[in-house]
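Please find the structures below.
Two complexes, one shared chain (chain A), two partners (chain B, chain C).
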Partner chain A sequence: MKPLTSLVIGMALLVATVPPVLGAQGKPLNVTGMHNLTFGAVFPGVPRVISRTDPANAGQYDVGYSKFAPIQITFALPAVMNGPAGATMPLVFGANDGGYSSPETITSQVGFDPRVAFATTLDKNGRAAVFLGGTAQPLASQRAGNYTATITMTVTVLP
Partner chain B sequence: MRISKLSLAVLALVISASAVQAQTNNASITATAAVQTPINVVGAQQLNFGNVFPGVNKTVAATDLTNAGRFDVTGQASTPVTLSFTLPATLSSGANTMPIDTYTGISALNSAQTGGVAFNPVTGATPTLSGTGALFVWIGARVTPATNQAQGTYTANVTMTVVY
Partner chain C sequence: MTRALWLVAALGFWGSAIAAQGVMVAPHAVYIDHRVRSGSVLLYNPGTEPVEVTISTLFGYPTTDSTGAIVLRTVDAPDSTLPSALAWIQAFPRRLTVAPLERQTVRLLARPPAGLADGEYWVRLVIAAKAGTVPITGVSDTTAIQVGLALQVRTIIGVAYRKGAVATGVTLSNLRAHLLNDTTIVTQSRLVRRGNAAFVGTMHGTVVDSTGATRATFMSPLGIYFTMEPRIASTIAKLPRGRYWLRYEVVAEREDLDPSVVLRAPTARDSVRLVVP
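So, the complex of A and B:
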């Protein structure tokens, strides 16, 4: 009975030493938020559109994993931004607001709809950048102040 | 032998758990915006022609601080706005009408009209709010009563729309 206990403990230690997120080639799946989606000054009643190709204001995530790995990208897109005293401001994403870039440059993107899952394959470097645009739609009576929302991107490795 | 079977089972569990765990990861960014002060417009003073006599045209200049119509605007400091107007072609008194035309406009950053800038209300204007977010707009015009203009009090609405 004693050898059995030792073996089980040994396996448990082995599990603990394995990195939590590993690819087929032993590389971790990294997803990093690189740049916020910034609307800047917004005026009541005037929609503010940020293009995914706007280098100063578009949101950006970086993805790193094994080369040629098939992945799927999904977003949790908030419908509003939260402001002062419980005020909210509509936030809208369109069918072309997502951009995928294997060379990781904002000037070389393939557009996609961030509202639905996007499947692609990492390149030989196993890296990519994902850009995100959107539209803030303040009401004519929108309360003045700072508004924020969290946008989460999830990357899933496809079998 | 019992130990070997158990080891394999544990190992399989470990491999399975690692494989599942390797499939997904996520990250978040923040969307940010700074909403500026809303525009507020008040009709501060009527465009007042006073007594008008049949057959005698009368003009109120936009520079006439007493009789020109005035709108007061507040909003985000030092920000350009676009002014547009709905300008009536006639004043009405019941079923009777009297022509009104030749609109003039002045915008300024203070109520004394100091440094005012003239503009044509028909085409609008794009002034910039003051450092405290204020703007004052005056409207003048001309009425042309007919020689047989019916007696009465004639009115119409002049509407100014302001957008960023």
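So, the complex of A and C:
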């Protein structure tokens, strides 16, 4: 079979496997957590600050959609992490802990306050990356054990 | 051909995504016809871990705040003055697990009340995706304090239900524009929707010089549900000092939507002076 024929058949099969809804009403929206906010070593009484520009530990969430599309990004940020026997560890997010990057690079961010809604427009490629930093504040008497919390990022398609 | 290429590209992207948390949602806007009364949304998990998905609905619509930023205004209990489908469009299933590299379909079923007037009714679909347990991180050997954060990603898309004759349009007024810096133009105008359906379209801006030559163009998708005054900042090439006209159009066209779901409407136009000092 000639390569061109194979290509045409391959494309036809690919298109046929996609549910009609995908092509009928617009591009898919992809919101993906690429890297979780990570605090690494945490010591009692020593705050652990993670910058949104920290490539190893900042949270990164990628958005892929339609070019120039207006979207709204909101975070639900926990005030504490829950640990053993009801113990909690404070978690603090500041006004500059959110970062937005159209080129999807950690070095070209525009800061924003992740505690309030952030409205923006995707670039000509329809893609962006959102970065998140924060501070864990273990007490000097912090109880040993595992501490967990959930960060929720919401992307709303506005049009 | 363009659509076919796009679909192939989308599939290629799906196949290449790895180690991600979240689901891909298609389409990003659902239109349900009264004669069909159902719709569907496709979820795809591009990651390597199963994703737990919870589906819910809310009522809300885009509007602008005092700064001109476009925001989603939500109404917990919409009354009869709002075109809400919250009470009678349901999603099935409401909880599901999408396996890695698998896709699942969420069905939308409409049970509109008898005697529903012609028009367009809105609801928003909330797709909350939570990956499996996120590994605890930290150093337990020296501190015995381990910290782990779970991640939930929520995607909110629009659902519009259309019954009978639907029409839309937009009235444009109070256009203003200025340069924020050498390469950023800021426009703002008052946009009022007409008819009984949301105006889904695109704003096109064109900067022309005194000879009528085009010096810059920019665009932005718009959804006008009631009234809004969107402040839109766009990047343009640096303009030489001088006087220009900004031609501003709001057209009922969208590149990201199938033309069959975009309601036709007359183009709204206006223009305003732009001075580069």
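FYI, the second predicted complex is superposed on the first by the 134 of 159 C-alpha atoms of A that agree within 3 Å, B and C clash if a C-alpha of one lies under 4 Å from a C-alpha of the other, contacts with A are read in each partner's own complex, and residues count from 1 in each chain.
Note that a residue touches a chain if its C-beta (ideal position, glycine included) is under 8 Å from a C-beta of that chain, and two chains touch if they have at least 3 such contacts.
Here the structure is a predicted model, which means the values were calculated and not measured.
Because the two structures share chain A, they can be overlaid on it, and in that overlay chain B clashes with chain C.
Of the two partner chains placed around the shared chain by superposition, chain C is the only one that A:117 touches, whereas chain B remains out of contact. Contacts of A:45 after superposition on the shared chain: chain B is touched, whereas chain C is not. In the superposition on chain A, A:37 makes contact with both chain B and chain C. Look at A:29: by the touch rule set out above, it reaches both chain B and chain C. Contacts of A:96 after superposition on the shared chain: neither chain B nor chain C is touched.
When the two complexes are overlaid on their common chain A, residue A:68 makes contact with chain C while staying clear of chain B. In the superposed pair of complexes, A:140 makes contact with chain B only, with no contact to chain C.
In the superposition on chain A, A:60 contacts chain B only, with no contact to chain C. Shared-chain residue A:157: touches chain B and chain C both.
In the three-chain superposition, chain B clashes with chain C only at 145-153, the remaining stretches of 1-9, 145-153 or 199-207 being clear. Shared contact residues of chain A, touching chain B in one structure and chain C in the other: 11, 14-15, 18, 21-23, 29-34, 36-44, 59, 61, 81, 89, 136, 138, 142, 144-157.
On chain C, the positions that touch chain A within their shared complex are 3-4, 6-8, 10-11, 13, 17, 19-22, 24-31, 39-42, 44, 46-47, 62, 69-72, 105, 124, 128, 130-131, 134, 136-139, 142-158, 200, 219-223, 232, 254-258, 260-261.
By the touch criterion stated above, chain B contacts chain A in their complex at residues 2-3, 6-7, 10-11, 14, 17-18, 21-39, 76, 79, 163-164. Touching chain C in their complex are the following residues of chain A: 11, 14-15, 18-19, 21-34, 36-44, 59, 61-62, 64-70, 72, 76, 81, 89, 117, 119, 121, 136, 138, 142, 144-159. Of all residues in chain A, those touching chain B in their complex are 3-4, 7-8, 11, 14-15, 18, 20-23, 29-46, 48, 59-61, 78, 81, 83, 89, 91, 132, 134, 136, 138, 140-157.
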